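Below: the structure, in structure tokens.
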Amino acid sequence: MGTQNVPSSIVQFAAVDKLINIGRANSLWPLTFGIACCAIEMMATGCARFDMSRFGAEVFRPSARQSDVMIVAGTITKKMMPGIKTLYDQMPEPKWVMALGNCAISGGPFAFEGQYSIVLGADEFLPVDVYVPGCPPRPEALLQGIIELEHLVSDWKRWKDPEAAKVVKV
Amino acid sequence: MRLTLLNVIVAVVIAIGFAALNAAYLVWAERRGAARIQRRPGPNINGPFGLLQPPLDGIKLMAKQLTIPGGADKVLFIAAPVLAMFPAIMSFVTIPFSETIVAKNMNVGVLMIFAFASMGGMSLVFAGWSSRNKYAMMSSVRAVSQAVAYEIPMLITTITVVMISGSMDLMEIVRQQSGSILHWNIFPLLGNSHNILMPMSFLIFFTCTLAETNRAPFDLGEAESELVAGFHTEYGSMGFGLFFMGEYANIVIGSCMTTILFLGGWNAPLPFLGFIPGVFWFLLKLYLLIATFIWIRWTFPRTTIYGLLNLSWKILIPLSLFNLLFTAGLIKVF
Amino acid sequence: MIREKTKLALQKLFPVPEAKEVTTEAAGEEQDKKAVKETRQNGLLERDYAVHGYHLDAQVAPDQLLEAVTLLDEAEFFIESITGVDWIKEKQLEVIYDFSRYDFDLCRVVIRTRVDRTKPVVPTITGIYAGANWHERETHEFFGIKFQGHPHLVPLLLPEDADFHPLLKDFKA
Amino acid sequence: MNSPILLQPDETFILNVGPQHPATHGVLRVKMEMSGEYIVEAETVIGYIHRMHEKMGELKTYPQFLMNLSRMDYLGALGYSHGHVLLIEKASGIEVPERAEYIRAIMVELNRVASHLFWFGAFVMDLGGFSPLMYALQDREHILDMLEGVTGSRLTYCYFRFGGLYNDVDDDFISAARRFIPRMRKSLKKYHALVTGNIIFRKRLEGIAPLSQEMCRKYGASSAVARGSGINFDVRKNEPYSVYPEFDFDVPVFHECDSLARYNVRMEEIEQSLRIIEQGLDKLPDGPIMPEKKPKLIKPPPGDYYQAVETARGSFGIRLVSDGGKTPYRLKLRSPTYSNMHLFDEACRGMMIMDALAFMGSLDLVIPEIDR
């Protein structure tokens, strides 16, 4: 973790940079892009019970130009791979990729002997920042993934790490 | 009031500030309002009630890479978002928030606002045309037909109000409506004309405002499930931010005009409430209207383009023309 | 009963010496067991619905296919699916057509035809059932069966330039 | 209202809708040849999420394949699993205890309601209304809670076993299901008031995309697509399986053939499913949920077996060609949306893009189920 080197900012000022990173971390707009089962859980996360919008991350943008994070939610097939690559290239910097679900991490249950159709994980061709495991992951897991991504984007912590707090007590 | 350079600068700065603040916090209001309608909390973690969300979004948008698609018309591509924001801000200059709070009153204020409002449509055309994207292109074609179709009934309805007031001066129009709620142009029973069709013209004007500002159910320009993101498909970072802010600034202008033309501007609804400053009443009416905008957006599905044009050409224009004739007749009689 | 009518209509496809008598269920089971050892002859079988899930099972020669499908079309059957089976030991490919009816008079008909594995050519039925289009394209890409006269025989589920046939038994990824 | 204009063939352009497009609900691509906003010719390109379920069917043993069915259609997963287990039970002659069959029917119907709710929300979102999605998903969460308590997962259930079930239902589930039924009926009323009665909504759907009965037959359409065109076809009634003959329910059929009819059919189906659940809970017998004698190794005798079931998306058929081995020789999955989607190319000619996309929404697409 730590402040990431963002390619677009050539001139860096510490304080401003920090502010910008906090801005980025708190308004992660995902791309409306669902592939398979995990996309349903992604939608459920955006809906009433779990509500991603609390973190400012509910603004699903249909256009790649306006989004910050690509949530790869589902199995990537060899037919679809060029499309996903194009979408990633269309997103403006800085951008992040989240692999949601086992299929996007490693091919999941479809990584099988004799498999001819799928790509074994999004990290074969995309720089994945956060992996959220599950088949499909629960909405809470996706929320956790978003918070992890926020930590990754900026050093600023939304909440104190409860694990770390425990250690201090002991 | 003498017009000095300082005056003008202050006025413009205040107008920009007001427009920007409104735009930013209306986004917040929209997101919170939508959330409330949809039984969820909405952005509430960043700052108290999520009030820090708009500045954070703004910072992010400003710090994002600016992309211009290959083959795009660069000049128009950059001009379009500016053109979306600029007329709205200029319109603020002439809006009277109360008897005293007005940057520059003009005796043709109505004309000026409509002149700037038509420029807003142009930004959509520029954006759609220049981004070299088929979806954006289709959206800009839609935007033209929509702007043409809805400006006509809107202007005709405005002429009705101007005929009643006998002035194009926004302050004069408001002064005409002073008294009680029954003097307002929406129910002009005690005014100088006894036009019983005015509630209908209010509805026509309000519908046209919805359509002119590209709000649901008339948001065909950016119809998300059809044209991806419409005219701003290719816009990222602050270009998109400006379109977003321009949309909200336009909503504010539209609601201001509705308030001034129909709801009595800064006048209190009942005479004994006159001790409360006028600007309070103006802002109250303004934000109630904006709340209605948000409410409508999250309740109704989107119409179709032919449904939209049919509504204007087959219903609103004949109705508003009839209304104009009726009002002219009434003015002649009384 | 639509089942009887269809049976009679389909039976006419098979000339008397070739077609064995329409066997009863017991014989059909026997036929099944034999089929493992030897290739089944063309002909019409009546199956037990409770076990197999369909009523009539007609194996036709590829050139009889259009005739059989036309019969079903006239009897208002709808097309359920088309699929293939690779009988690699017998060096044959089988194409299976499933038909059913929007009706309470239940009748499921299976038409099957077998072609040689080296020359898998079957006439298309898209002229009769427009909905066979995708099914035939899918069978083509999975098994390499050519549907003669198909308007647009390119891979459907696999990438456009795919040249492998994954559901053949000798396919290796 | 929406009569096609005279199209000049030389004035067209190609519009690629998808694979990433908000209206396609996944990775579907439609190559549209457009003349302005009118569609001249459309070609659907599928296969962007083809995951070789059928090949996996040949490579995996029978129990190993159970998990694939729920990943095929993640919204109405249990209906598909039901077809699969019924087929294997039929082929290998396994008796299923009555209690298990009742629980299966209840679960499948609950899942059907959940699936229809999701479709309802997504469909209205296609038309530009966002809030119904939120309401529908909130109701859906209640169903998912119940199903999760029994089956252990939210979406991709692996609950049915050959011969019975993995887990018996408890009293919590039964009381939750009983509480759910009146709540869902109340919500349905709300949806009808909010959406069905909305003038904009009706205007967008009435008379759009008429599908004739002949066309449905030629393409093999099922579910609401067929029933919206006046075809009384529901596998649960036409070809009764499991314990469905025991239940008293109606098959909603509408004769208008348009998108609104398809919408009405699905909304009415929610109500009918609630009726089935209600009766199922009342009639639920006691007893075991797994048969006493069940073969250790499932090896259906050689032959050819077919089973059709009515899933949330229509008539799902599964064909097993067995050679007597541990794995199927060939497993064909006939997915209902595959046939329904196939209609789109022909039906959307001459429509405007917004109507075509609304029509696409009314088909209730789940892309992995088309591509398998």
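Letters are used for the chains, namely A, B, C and D, taken in the order the chains are written, and counting of residues starts over at 1 for each.
By definition in this document, a contact is a pair of C-beta atoms (placed from the backbone, for glycine too) under 8 Å apart; a residue touches a chain by one contact, two chains touch by 3 or more.
Quantities reported herein were computed from a predicted structural model and do not represent experimental measurements.
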What is the identifier of the chain with the smallest separation between its Cα mean and the overall Cα mean? D
Please work out the Cα centroid separation of chain B and chain C, and write it as a whole number of Å. 64
Chain A to chain B, mean C-alpha position gap in Å, rounds to 36
Measuring from the mean C-alpha position of chain C to the mean C-alpha position of chain D, what distance in angstrom results? 26
With chain centres taken as the means of their Cα atoms, state the distance from chain A to chain C in Å. 47
Two-or-more-chain contact residues of chain B, please, as numbers and ranges. 38-40, 224, 228
Where chain D touches two or more other chains at once, the residues are 21-22, 47, 50, 52, 55, 134-135, 138
Using the touch definition from the top, which residues of chain C touch two or more other chains? 158-159, 166
Once you've mapped the touching chain pairs, tell me: line, ring, star, complete or other? other
For each chain, which other chains does it touch, given as pairs? A-B, A-C, A-D, B-D, C-D
Per the touch rule above, chain B residues touching chain D in the complex are 34, 37-40, 134-135, 138, 141, 216-217, 219, 223-226, 228, 298-307, 310
Could you list, by residue number, the parts of chain D that touch chain B in their complex? 1-2, 13, 15, 21-23, 36-37, 124-131, 134-135, 138, 194-195, 198, 200-201, 203-204, 352-355, 357
Residue ranges of chain C touching chain D (in the complex, touch as defined): 32-33, 35-36, 50-54, 57, 76-81, 83, 85-86, 96, 98, 100, 102-104, 106, 108, 110, 129-131, 133-134, 142, 155-159, 166-167
List the residues on chain D that touch chain C in their complex, please. 46-47, 50, 52, 54-55, 58, 87, 90-91, 215-221, 226, 231-233, 237-239, 302-308, 315, 317, 319, 321, 323-324, 329-330, 332, 334, 338-339, 342-343, 346, 371-372
List of chain A residues in touch with chain C within their complex: 78-79, 113-117
